[in-house]
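What follows is chain A paired twice: with chain B in the first complex and chain C in the second.
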Partner chain A sequence: MSINRFAPPAAIFRHVVLLTTGTLILIPFVWMVSLSVKPPGEIFREHFSLWPEHFYGIANYTKALTSSSLPHYMLNGVIVCTMILALQIAVCAPAAYALAKLNFPGRNLILGMVLIALILPREVLSLPLFILGYHLGILNTYAALIFPYVVSPFGIFLFRQFFKTIPDDVVHAARLDGLSELAIVWKIMVPMALPAIIAFAIFSVVGHWNSLFWPLIAVRDQNFMPPPLGIMAFKNEEAGNDYGPLMAASTIVVGPLIIAFLSAQRWFVDGLSGAAVK
Partner chain B sequence: MGSVTSIVEKRNQASKTPKRNTGRVASSSERRRHRMLEIAASWLLAGPALVLLIVLFFLPVLGVFAIALTDWQFGASSLAFVGLSNFREVFADEGFRVSLANTILYVLIVVPGTIILGLVIALLIESGKSCRAFYRAVHFLPFMATLTAMAIAWEALLHPTIGLVNQTLAALGIPTANWLRDEATVLPVLAVIGIWQNLGYAMVLFLAGLKSIPRDLYDAADIDGADAWLDRLRTVTLPMLGPVTMFVFIVVALKAFETFDTVQVLTQGGPGHSSEMLLFTLYRESFEYLRTGYGASVAVVFLFIVVALTLIQACVMDKRVHYQ
Partner chain C sequence: MSSIDFHEIEKSYGATPILKKVSLSIADGEFLTLLGPSGCGKSTLLRILAGLELQNAGTVLIGGRVVDGVRPKKRDAAMVFQSYALYPHMTVADNMSLPLRMRRLNAWQRLPLIGRLLPGTRGASQEIAAEVARTAEALGIDHLLTRKPGHLSGGQRQRVAVGRAMVRHPAVFLMDEPLSNLDAKLRVQMRAEIKELHQRLGVTFVYVTHDQAEAMTLSDRVAVMLDGELLQVAPPQEIYADPDDRRVAEFIGSPKINMIEGVVSAPGRVSVAGTTIASDIRADVGAHLTLGIRPEAFRLGAYSERGAISGTVRLIEHMGSDLYVHLDVAGVKQPVVARLLAERAASISIGHSLSLSVEPERVLYFGDDGRRIRAHDKPAKAAAALVRETA
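On to the complex of A and B.
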């Protein structure tokens, strides 16, 4: 039976509308890539063409990669995102296990604190966190970019929801096999909750790869800038109106996530929309 | 040591009787010790997270309120309680009032735009079988792309002379504008970018909502004579999407209130104050002008807005659970 399904002629209408909206959505991406392979003369020409008469991509991308510290920014992004994710899982998974499977006084209090922390917008906390970072003497280091995020209320909540669906018998059997509680977390719960871990990993990495607000506050030194901050520095200092290399740099920053997204679409949609919670 | 004994104890219990009775077989002191071990293990597992939650969330929140209620400046060694005078200064400030008004206007454009487009696109995708994954991927793309980089692409797109937007408008004989440098256009243009970024997110949430509508409702509607697509949409689909729509409304509103990247990259709040929004004001006052008390007060105002929206959401979601 058809549910919200159109009659056949209307199916064409569906494709026409979705292709139109889809094209409009893609224009900024297409324009970015198009400018990134054009020579300056063609960029500043009055009429529009998608593909350049003279392919200038190699020159633009080479300039983006060599005249700025773009490869270094990308490396910073990888280091920071990896460290944040590793620490988040290390801190959140044991706590989530305790909240999901163990019975102890204070459990509901901790759970309530997790839910309150989930509401608090990080930007509101930036001033005290900046002061904390200053007193620890870690501003302008990788540690400054990482420390506010080592515990994720969303991570604890998501893992707890998932751990709760794992039968208690599995935990009992593991205890009978002589596993310590910590070993149960890492050898039983985390592997069984792999879908939740992957969804959270995507949520965390995408969020921190793209984040601009806190890095803008935490680091001024180009050596530690993650990609969004780096590309702003590139825009302000070197590229200016040199659109070709600037668009090449933007493409390089956005590229890895888009490739990952297209190859694991379902995971990304679940991870980023919080659908994994349900 | 302790864990070994508890395991031995468990082995003994398990070999005697598999279920509930074990508790009665073990002596009460053994049971108490076992319980203490579980509590100790729980606190060891949850402890690091708890300490970090306090240090990185709860103390900073108290800190923001403390700073907002004192005259403390960054680097100063002394401070005095000044009550609400920072808030009075903030609300008396023309710049802040403009920033707040801009943010509200921006949210009022972005939220309906995102919800309507997200809903229409979700309905269209769900109404046919072909190319679903493709359309979903295309519309979701902006939500995960690095906004800082995409904002730079938008800047090129909106460039007064070489941008595609003005070239197209000129070719069609429509008047052009310097979109990001004109007080009348800058905020609506930022809102369009906000809609562009978030509509895929709304679409995904609506798609999940559509999937959860029971099929029998459509059969019932069929029997009642609602066999046209529009009838089914009006009698079944839209009413059943009510709770999801409320949820989307709140999450998109929260996202819109938290807009920062596009303002920072594209306009810096200009021209004048015409595109200044709350989070940008918070950043600029706190970290560029180092007006600590003022910045903290803006943070408190922002916190109240976000918490209010979240509480509305919690109440609505609670109701939804009761009805099901």
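On to the complex of A and C.
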């Protein structure tokens, strides 16, 4: 490893690859931000420029925020994502603890089922979930947006892997100290697995903030729409082909995610690489 | 009252038996060490006592009360783990106060924020903090209370682990190889501190180790375990000088006891490695025995009334006050090791022959089944069978 790091050709190659992929990923993003500050006339110009001749950002962003109920969609996003995350952790942490540290008949079978759930595409389940939601009478409410995601196989699996790295003796010590099994989960395992929890939180929030498919099915009322659905509605009704405000709205929607990711980046890598707390 | 009784404890993982009908009684206030090589089941026995694992059969009593199926926290036993098992996200003070908080505060009072507002929480919390501070002071870790375990040295962590166990005044103190992660110097120091702790607290200690020095220095009694069986339970001196079983004799003592094959050549005479030793064991003539001779039982030189073993010096180890001499003896597979006074070094050199005499009363005899044959004891079964064959 350390030899590779100092070998110039390999290092150059690695950086070229990283820079190329990085650029490819970033271009649409930069383009979006660039369009969001351009006046309508400049957007479809033939020659390419990142920065507009006439700065139109304030007008575009004002329009994005005022001409539709974008702030309301974002509030919906916050409510839905927070609820999903809280319930996911409440379900996944005890489940993962049981799979990682307790011995009971059928444990491997249940773990197998979790893994199967992990490879099942979400979309496959949307019809049954829609019918279930209909029978529960919760379609077109926040609950409809939340309930399919409460049990996260990915969360259970990620937490289980992390909990497994925590020594059994810590669990034993906690039992002798008088903690109940649930107290062990919340007072010992979850705090020790904080990097994994944060990594999972980012995945969950990003996924559900940006989710379009299920909200499209589950809600029709604009009052419950999460941001991406809100943008679609916004595009159809208000802006038409007015791409400046549309891109401004998209930038506003993505903003909180970028801030969240950058501030939690340190734990994100720790959590996914499964580095146990020492 | 915190005596401990194990009654015919059996435990197996799958088809592998870990404990085979282990029965053991530990008196109130006793320091008992479970000694054995790794994998002998000693830690499993301790965990069964703590309630962390369940036995397949048998009964455990603490203070005369059957505790099978009683949850660990209700057993009034505290444990110090080899890895210390401190909670890394909590400060030393939080680590030590957790067992008290779990016992003295109810579920509502333990809630963050709300708990503090409930009646009684403040008083109890202050009491707990005071007790933690007292314990920390007694262990000399009061300056570390605000730190987290990650910032402590091995010895300090060890003390915190002891403090966490001590703070709730358990009836039984369990220690699972608590010193094996420390360096040699610190180990000796902590060993003395644990001994002192036991004298001060006066409660029952059950200590698990594979280190015979720890077992010998700390314990009132040592229980030697091998392959899931208790071989002998006795005070350290007795375990060393008067072992019941060949395996105990071989496990205890450094350098290892010399094991030499011998035959009863005539009534009261045992011939071994080219010499004859007077012996008052009652074994029949022709019986095969194994003689266990501790390295320090040898004396330099041959005396007519004692058996003398002669051989070629193969290796000399200087240990300061002592000298370990390895001798190749004809008819003995392993080199015979003798511990001699260092002053004798001048008269011994590698490659030369040497005669060692042994006092007959210091020789231990073992039968073919590994059991000890004592003086005026019945002959070993194997020996008897052999006699029948020849007759």
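What we mean here is this: the second predicted complex is superposed on the first by the 223 of 278 C-alpha atoms of A that agree within 3 Å, B and C clash if a C-alpha of one lies under 4 Å from a C-alpha of the other, contacts with A are read in each partner's own complex, and residues count from 1 in each chain.
Note that a residue touches a chain if its C-beta (ideal position, glycine included) is under 8 Å from a C-beta of that chain, and two chains touch if they have at least 3 such contacts.
No experiment lies behind these values; they were computed from the predicted model shown.
*Asks:* Check the residue A:220 against both partner chains and state whether it touches chain B (first), chain C (second), both, or neither.
*Replies:* After superposition on chain A, A:220 lies in contact with neither partner.
*Asks:* Taking the superposition as given, does A:192 touch the first partner, chain B, the second, chain C, both, or neither?
*Replies:* It touches chain C, and chain B stays clear.
*Asks:* Of the two partner chains, chain B (first) and chain C (second), which one does A:54 touch, if any: first, second, both, or neither?
*Replies:* neither
*Asks:* Counting residues of chain A in contact, which comes out ahead: chain B or chain C?
*Replies:* B
*Asks:* Classify the contacts of A:169 with the two partner chains as first (chain B alone), second (chain C alone), both, or neither.
*Replies:* Touch partner of A:169: chain C, not chain B.
*Asks:* Which of the two partners, first being chain B and second being chain C, lies in contact with A:178: first, second, both, or neither?
*Replies:* So A:178 meets both chain B and chain C here.
*Asks:* Go through the superposed model and pick first if A:119 touches only chain B, second if only chain C, both, or neither.
*Replies:* A:119: touches chain B, not chain C.
*Asks:* Share the list of chain A residues that count as touching for chain B in one structure and for chain C in the other.
*Replies:* Correct list for chain A: 175-176, 178, 278.
*Asks:* Which residues, counting only chain B, touch chain A once they are in their complex?
*Replies:* By the definition above, chain B touches chain A via 3, 7, 10-11, 14, 38-39, 41-46, 48-50, 52-61, 63-64, 67, 74, 117, 121, 123-128, 130-131, 133, 135-150, 152-154, 156-157, 161-162, 164, 167-168, 196, 199-201, 204-205, 208, 210, 215, 218-219, 222, 229, 232-233, 237, 258, 260-261, 264-265, 279, 282-283, 286-287, 292, 295-296, 299-300, 302-303, 306-307, 310.
*Asks:* Quick check on the complex: what are the chain C residues that touch chain A?
*Replies:* On the chain C side, the touching residues are 47, 50-52, 71-73, 77-79, 81-83, 85-89, 98-99, 102-103, 150, 164.
*Asks:* Could you list, by residue number, the parts of chain A that touch chain B in their complex?
*Replies:* My answer: residues 1, 3-7, 10-11, 14-15, 17-18, 21-22, 25-29, 31-32, 35, 43-48, 91-92, 94-95, 97-99, 102-107, 110, 113-114, 116-117, 119-121, 123-132, 147-148, 150-151, 153, 156, 175-176, 178, 180-182, 185, 206, 209-210, 212-213, 216-217, 227-229, 231-232, 235, 243, 246-247, 249-251, 253-254, 257-258, 261-262, 265, 268-269, 272-273, 275, 278.
*Asks:* Within the complex, which stretch of chain A touches chain C?
*Replies:* 167, 169-170, 172-179, 183, 188, 191-192, 194, 277-278
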